[in-house]
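Let me begin by presenting the structure, written as C-alpha cells, before commenting on it.
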Amino acid sequence: MIAEWFGRAGNFSLTLLIVTVYGLLVGAFIERTIAKVQGRIGIPYRQPFINILKTLVKRTAVSHGIMFYLGPVFRIAGGIGTLAFIPVIYGSETFANFSYAGDLFLVIYFMFFGQLGMALGAGESGHPYSAIGIARGLSQMTAYEVPFALAVISIVIQYDTLSITEIVAAQQGGWQHWTLFTNWVATLAAMLAFLGMTGYSPFDIFLAPQEIPIGPPTEFHSAYLSLLQTNRALFGATKLVLFMNLFFGGATGWIELMIKTLAIYMVAVVVGVAFPRFRVDQSIRFFFKIPTLIGIISIIYVQMMFTS
Amino acid sequence: MVEGFITQVLLQPLGIYVVALGAGFLVPLFDRAHRSSAILLFFLALAGMVAIAGINLLAILNGAAPIQIETAGIAPPFAINLRFGLYEGGFVLAVNSIALLGALHWLPSLRQHASALLLYLIMVMGINGMVMTRDLFNLFIFIEITSIATYALIGMERTGSVLAAGFKYIIATSVASAFFLLGTIFLYYLTGTLNIDGMVAQRELISGPIGFIATLFLLTSLLIELKPYPANGWGLDVYETAPGGIAALISVGVSAGVFFALLKTLPLLDNYLSSIAVVGGATFLLSNLIGLKQDNARRLLGYSSIGQMGLLTLALAATVQLGIEAQLPLVAGGLFINHLLAKAGLFWLADLVNRNSTRDWSVLAGRPGRLLLFGILLSALVGLPPFPGFWAKWVLVTELAAGGLYPWITVVLLGSLLEAAYLFRWFTQALQTRESDTPDTIRLESLLPVALAALLLFATGYGMAVQLESDTLIMFLPLLAGTALWLLDGLPGLLKSLLMLVVVAAGGAWLTLDLEGLNRIFGFILVGGGVLLSLATQYRSDVRKGFYPLLGILLLSLATLLRAHTSLEFFFSWELMTLSSYLLVTLGRGGAKPALTYLLFSLAAAYFILAGFALAYAASGSLELAALGDTGSSMGLVFSLLAAGFVIKTGGLGVHIWVPGTYGEADDDFTAVLSAVVSKAAIFGLLLVAAQLGIRSDIGLDPAYVLGWIGMLTATFGALMAVFQEDIKKLLAYSSMGQLGYIVTGIALMSHLGWVAALYLTVNHFLFKGILFLAVAGVVLRTSERLMYKMGGLIKNMPFTFVATMIAIIAMSGVPPLTGFGGKWLLFNAMMEKGWYWLAALAFFSSAVAFLYMYRLLHTVFLGQRKLEHAQLREAPAILLVPQFLLIGIIMVFSAYPKLLLEPLSSAISPWLAGNLVWDGLSLHTHLGYWNAPMIMGVVAGVWMIPLLFLLLMSLTLKIQKVGQFNIVFAAERPHRPEDTHFAYNFFAHYDRALGFLVKPRATAFWNSIVEWSHTLAASLRIFYNGNGQTYALFIVMYLVVLFLVNGGLQL
Amino acid sequence: MSFFGDLQISMIVLCSGLGLVLIGLWGILTQRNLIRMIIGFSLLDTGIHMVMVSIGYVTGGTAPIINDDVPMATAVSRVVDPVPSALVLTAIVIGLGVTAVMLSFAVRIFRARRTLMIDECTESKW
Amino acid sequence: MIKRIVILLVLLMLAFIFVNLAASYSEQTSLSALGHYYVEQGPSELGAANLVTAVVVTYRGLDTLGEVTVLFISAAGVGLLLRRTRRKDDHEDLEQGDRAEETAIARKPASEIVETATELLLPMVILFGIYVFLNGHLSPGGGFQGGAIIASGTMFLLLALPESHISRLMIAITESLSGFSYVVIGVLGVILAGGFLDNRIIGLGTYGHLFSAGAIPLIYVFVGLKVGFELSAVLDRFRKEDSGPL
C-alpha cells in the first residue's frame, strides 16, 4: 500500500517536472513570438528559469503574517493538485497521476483551491491592489464559469461520464472523434471561457500591470514569488492539458500533448494580441452574452444529437 | 324550607337569576347602609353566579341530562321555560367568570356609583338569560335588559365622545331590537307559539311571504347585534371610547349572548345559512383588513372583536351547513372561549396602559412581565398554540376542507393573517423603547384579572388539546419545560443557560433517541446540534430575561416536531416553534421590527401548511402523517400547498425578505441556532411531504420540477444578494437562504441520490453555518460592529476565529478536500442523472458567485488593514470557540471519511426511494463519476505539504522579517490610516455595475406594494365609518333590504 | 289579496302600524336633532306595538277579561288573543325605558358639547 | 341631498317589504293554540279573570320580572347619567353659566290653575293608581298601569310645584324592597308550588274576588309600587340633575 503510494507519487513527480518545464518553455516561446511580431528580439528560453532562480535566492524577505506566508503555498498546491487529478497521457498508467481519486468535477472545483488560498494570502498583505485584483479576478471568474459549465455539461451529456479518462477514450480513433468536431458548439463555448481563464488580454484586468501592478501578487517577492512564477507556468499548462483532454482528443504521447496544448494556447495568444482589455463589468457582460448563448445552444445541440 | 331554597333554587340554574336580581334590587338598599356592603353583596352575587353555573355544568359534564327549567309551574309552551345544557352551561360559566374578573378589574370605577354595581350585575344576568331562555319574546326581554344596562354603563364616564358613541350605539341597537320584535310577532302569528322549540317543531308553518319576512327580520336583528361589516360603525365607536371594563363586556359578553341567540334560533333561519356564512366571513376578512389602518389601540381591539365574532358566525353557519354539529363545541366553543379570555384581557390591559395610540404602548418596553401577558393574549387571539383558538381553527379548517368549502378556508386563513399583522405590529410597537416614554403606573395587583385570563387561556387550551389528541403531555412538554425555566428566570444568566442546556439535552434525548430513519438524523441535527450551538450562549453572562425559557421551548418543540405522528401534532409543534423563535428574535438589539416580518411570513407559511394538511385530511379522512399519500386526486394540490409553506420558511426566492432582517437583528448566538438548526425544520418538513407525496408517480414531475427551479433560483439570487452586503450578518443570512436553496433542489430531485445530496448538504450547512455565525458572534462581541468595512486585519487578534471561519468557508465553497465538495458533487451527479441540465448549469454559476461573498467575508473582516482602534482586541471567548472547533472536528472527519455520514443517510432514504450508493472500497461511484474522498484528502495534504516544506526550508536560509501594518509597496509612500488602503466598502462595485440589476430589491418592493395596496383598500373600505350615527342606522336598514334582495325577496 | 276591498279592522291597525314604523325610521334617519331622532324612535316603537296588537286581534273579539258579559263558557270564541296584549304591555315598558335612557344621553350630550346635532358627534370614526 | 334620496330608496324598499307582509296577512278568525289554552284554562288554573294579567304575571311571569328589571335599570341608568358632577375637576365640561341657566329654567313657577288642580287631583290620582293595580287580576289594568298612573300624579306635582322635594330615600327603599319581594315571591313559587313565579303559593281564593288569584294581587302591588316610584324617580331626575347617591 505504502509502496504503491510512493510509486504513484514518484510517477507524478515526473509528470510534474515535465509539465512545469514545458509550461515555462511555452511561456518563453509565446513571449518570443509576440516580441518577433512586434519587431523585438524577445527573451531567451532560459529567462523564465533564471527569473525563478533569481527570486528564489533573494536573501531578504518580509512577511505580513501567517496567511501571507501560506498564500503561495496554497497557490502552488492548487496547481500541483489540479494536475494530480488529471490523467495526462491517455493509455499510460504512469502518467494517469491520481485521476482515479476523482473525476472532472473534482478537477473543476479543485482549480479554486489555489485561487482561494492565494487570495487569502494576498489579502493579508494589506495592499489595496491585491484586494482590487482579487475582487476583479473573482468577478470575472463567475462570468466565464457559465459558458464553461455549460460546455462541460454538454460533453458530460455527450459522453455520459464525468471521468476524464473515459472522455478521452471516447475521442480516440481519429480526429473526427474529437469533441472539437463531434460537439463543436460546446468546444466553442469552452474556448471562449478559456480566454477568460488564461487571463490574457482582453481579460487580464485583474492582473492589469499598468494600473495595479500585477494584481494580487503585488506584495509577493523572493521565494514567495518564485513559487508563484512556477505555478503560473504549471497551472497554465495544466489547464491546457485539461482542455486538450476534454475537447481535443487527449494525447497518447508527450509530443502530441505539446503540439496540441501549444495550439490551444495560441488561440488565447492570438486573441490577446488582437484585442484591447475589457473592464471587469464589460467582460462579465461579454461572457453572459454570446458565450453563454453558445453554451446553451451546445446543451440543446447535444441533447438533439446524442440522446434518443 | 331553607334547604329547599338551597337545593331547588340556589343550586339550580334558575339561581343565577334569583341571585342576580335579588342582589341587584338590594344593592341600593345596602348602599344606603354602607358602600362597601353593597360591593360585598355585588361580588358575592357574581361569585354565586359563577359557582351555580360551574356546579351545574360539572353535573352535565359528568353525564347528567340537560336541565329543563319550567316557570310558573306550567309546562311549555304555555309558560316560559329555560334550558341549561352543555352549550348553555359552557357559555354561562364563561361569561360569568369573565364578568367576575372584569368586575375586579373595573372595581375602581364601579365602586364610585352603586347604580353602576347593580347595572353591571343585571347586565350579566341579562346575558345569562339570553343564553338560557327558550322563549323568543323572553329572549327579546333579555336582550333589552342587557342593552339598557350596557347603555347606562357606557354613559357612566360622561365625556363628550363616549356619550356620542353611546347614542349611536343606542340608535343602532334600538333599530335592531325593533326588527327583532317585528320578526317575533309575525312568527307568533304563523306558529301560534313563542316557544322556540315549538316553532322549530312547526317549522313548516313558517313559510310564505310572512314566514320569509319574519325570519328575515329576526336574522337581520341578530346579525346586526353581532356587528357585521359595514353596519358596525356604532360598535367600533363604542369600543374606541368606552372604558375597557364595559368595552370588554360588550365585546365578549353581549356578543356571546347574541351569538347564542343566533345559535338557538338557527333552526328557524336555516334558509339563510349561506347568507350567514357570507356575512360572517366578509366581516372577519374585512374588519381585519381595515384593522391594518388603525392605530388607536381600543378601536383596533374593536376591529378585532368584530372580526372574531364574524369568524364565530362563519364557523357556526359552516358547521351547520356541513351537518357536523358534533364539532360545534370544539369549533365555536374554542373560538368563543379564546376570544372571550384574550379580548377581555386585552381590553383590560388597554385600560391599564391607558394609551390611545398603539405607538405609545412603548411604555411597556423593557417590562418583561407585562409584555409576556400582552404577548400571550395576542398570540391566543391570532390562534397560536397552545391556546384554544389554535385548536378551534384547526378543527374548523379541517372540517371546512372535508366539506369542500375551500373558499372559506382562504377567508379564514387570510383574515387570521391580517389580524396577526396588526396585532403583532402593535406588539412590535410595544417592544420599542422610546426616549419620551414615562414609565407606566400600573400597579401589580391591578394586572391580576389580566393574568388570570392568560392563565385560563392556557388551561382551556390544554383542555381542548386533551379532547383532540392523545399524546398531549409530550406536545406540551416544551411548554412545561419553558414554564419551569421561566420560573427560574431570576437566576444569574450563566446558571440559567446551563439549566436550559441540561433540560433540553435530557428532554431532547428522551424525545428523539428512539426515533428511526430520517427523523433520527434530523434529531441529531435539530436537537443535538441545537444543544451544541447553544453551548455558546454561555459567552454572555447577562440576565437575558426570557431568552433561556424561550430557547428551551424552541429546541424542545423541534424535538416534538420530529415525534409527530399526526398532522395536528406536527402543526402544533411547528407553530410553537414559530412563536418561540419569533419571540427570541424580538429579544435581539433591533429585533422587534424584523421579527414582525419574520412572524408574518412564518404564519403565512404555517397557513399554507395548515391548508395542505386540511386538504389531506379531507381527501384521506385521516390525520396520520403516514396517510398523506392516500389523498388521491388532490395529491398534487396538497403537495404544492405544503411545499409552498415549507419553502417560505426556508426563505425561498420572492418570500425571502424576512431572512436578512431576522438573521441580522436576532441575538448573535441565537442567529447561529436559527440559521444552522431551526431552518432545518423546514427542510425536514419538506422532506416529509416529499417522502409521503412528492415521490409518488401520480403527482407527476411538474410540482417537483418547479420546486427544483425555485430552489436553484433561490441559491443563485441568495448568493448574488450576499455579494452586495456590507453587514456581516446579513451577508450570512443571504448565504443561508442560498444554501437552503440547493437543499430544496436536492429534495425536489425526488431521487435517491438527490436526497442523499440534500441530506448531506443539510448536515454540512448545519456544520459550517453554525461555525460562521458563532465566529461572527465573537467578532461582533469584540468590535461592536456589524459593517464589515469598519473591520479588517482581525486575523492578528483573533487567529482562532479566523481559522474556524476559513475552514467553514472552504467547507461551504465546495472546494476539495472539505465536506462542501461532496455536497456539490452529489448534487451535480443527481441533477445530471435526472437530466436537469439547466439547473446544473445554474448551480455552477451560483456556486461561483458564492466565492465572491465568501472571500469578501474573510478578507474584509480578517485580512487587509486593521483599524487602529481594534489594535487591542482579544480573541473571542473560549466558550464561543469550543463549539466552533467541535464542529470543525466533525467537518474534518466527514471530509476524510464521508462514508461515515453517507451510509446512514442512504439507508434512511432507502425506505422511500430505493437505491444504493455504490462503494468501491472508499470510493463512491455514480452512473457518471466517482469520488474517493480519503485519497483526495491524502493528495491534497501531500501537494500542500511539499511546497510548504520547501518554503520552510528556504526560510531557514532567508531572513524573514515581520513588518508592520503599513509597510507595503505604496508608491514609496506610507499610508497612515488603515482606511486609506483597506479596500472593503462596496468591494464588488464592478460586479454591481454588471449584474446589480438582477438584485434590485424587487421582492421587497413587491411586498411593500402589497402592504400599501392593502392599506389603500382598507382605507377605501372604511369610508362607511364616517362617525355619523344616522349613516350607521341607515346601513342597518340597508342590511335588511340587501338580505331581502339577495335571498330572493323580489320573487315573492 | 284584496285588502282595499274588504278592509278588516286589524288590517287598518297593521298598516297604520307599519306606516308608523316607516315614519319613525324616516325621522331617525333624516332628523339631525337628537330629540327629534328620539321622537322618531318612539314613533317606530309605537308602530310596532300597533302591529303587535293587530296580530292578536280575532275577528269580532273583545277584551280577554272574563266577566258578566264574557262568561267563561263562551270566552274562547269571544275574546281576542291575550298573548299579544301581554307582549305589548311588556314592549311598551321596555320602549319607555329605552326612551328614558336616550333622553338622558341627549341631555348629557347637550351639556358636554352644547349641541344636539348628531352630525356634530362624529369625532370617533374610521 | 343624495343621502336623502338613498334614505328614501331604502325606506321605499322597506315599504315594499311591508306591503308584501300586509298583502299576505289575513286576520285571525279564531284564537291561536296558545291563546286558546290561556282563555280556556287561565281562569281555573290561576284564578284570574283578566286573562292578560294571568299571562303577564304568571304564564309569562319571567317576562314581567324582566320588565320590572328593565324599568329598574332604566331608572338607575338615568340616575347614573344625570347625576350631578361632584367635583369641579371632574372631567366634564359643565360650565358655571350653564348651571345658572338651568336653575333659571327650573325656577319658573307654575300657573295657579295647575297648582290648584294638582292639590285637588293628586290624592285621587294616586288612589286610582292603587285601585288599578289592586284589581289587575279582575279588570283592565294592573301593576304597570297603576304604577304609571301614580307616576302621572308625581308628574302633576312636579309641574305644579317644581321645588317640591321627593324623598330619594323613600324611593330607594320602596324600589329595592318591592323588587326584592317580587323575587322572593317568585322563589317561593319554586318551593311551595310548581315553579318560579307560580302564583299558586297561596290559595286561589274565590274566583272574581279581590283576594283571589293567588299571589297575583300581591305581585301587582309590588309591581305597582315599584313602577310608580321608579317612574317618579325618572321624572325627578329629568327635573334636576341631582347629586344624591342614586
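Every chain is named by a letter (A, B, C and D) in the order it is written, and numbering of its residues begins at 1.
One rule holds for everything that comes next: a contact is a pair of C-beta atoms (placed from the backbone, for glycine too) under 8 Å apart; a residue touches a chain by one contact, two chains touch by 3 or more.
Note that this is a predicted model, so its numbers are computed, not measured.
More C-beta pairs touch across one of C-D and B-D than the other; that pair is B-D.
The distance from the centre of chain C to the centre of chain D, with each centre set as the mean of the Cα atoms, comes to 16 Å.
The centroid of the Cα atoms in chain A and the matching centroid in chain D are 105 Å apart. Centre-to-centre spacing of chain A and chain C amounts to 99 Å, using the average Cα coordinate of each chain.
Averaging C-alpha coordinates per chain places the centre of chain B 53 Å away from that of chain D.
Residues of chain B in contact with two or more other chains: 137, 141, 144, 148, 151-152, 155, 158-160, 186, 188-189, 194, 1034, 1037. Counting partners per residue, chain A has no residue that reaches two or more other chains. Among the residues of chain D, those touching two or more other chains are numbered 7, 11, 14, 21, 23-25, 28, 32, 34-35, 38, 60, 63, 66-67, 70, 73-74, 77-78, 81, 92-93.
Here the chains touching each other pair up as A-B, B-C, B-D, C-D.
On the chain D side of its complex with chain C, the touching residues are 4, 7, 11, 14-15, 18, 21-32, 34-36, 38-40, 42-43, 49-52, 54-56, 60, 63-64, 66-67, 70-71, 73-75, 77-78, 81-82, 92-94, 98, 138-140, 142, 144, 227, 234, 237-238, 241. Those residues of chain B that touch chain D in the complex are listed here as 1, 4-5, 8-9, 14, 17-18, 21-22, 24-29, 31-32, 69-74, 77-80, 113-116, 118-119, 122, 125, 129, 133, 135, 137-138, 141-142, 144-145, 148-149, 151-152, 155-160, 186, 188-189, 192-194, 208-210, 213, 216, 1031, 1034, 1037-1038, 1040-1041, 1044-1045, 1049, 1052. Per the touch definition, chain D reaches chain B in the complex via residues 3, 6-7, 10-11, 13-14, 17, 20-21, 23-25, 28, 32-35, 37-38, 41, 45, 58-63, 65-67, 69-70, 72-74, 76-81, 83, 91-93, 169, 172-173, 175-177, 179-180, 182-184, 186-187, 189-191, 193-200, 245-246.
Here chain C touches chain B in the complex through residues 21, 25, 28-30, 32, 34, 37, 41, 44-45, 48, 51-52, 55, 83-84, 87, 90-91, 94, 97-98, 101-102, 104-106, 108-109, 112-113, 118-119, 121-126, going by the rule given at the top. Contact residues of chain B toward chain C in the complex are 137, 141, 144, 147-148, 151-152, 155, 158-161, 163-168, 170-171, 174-175, 177-178, 181-182, 185-186, 188-189, 194, 233, 236-237, 240-241, 293-294, 299, 1022, 1025-1030, 1033-1034, 1037.
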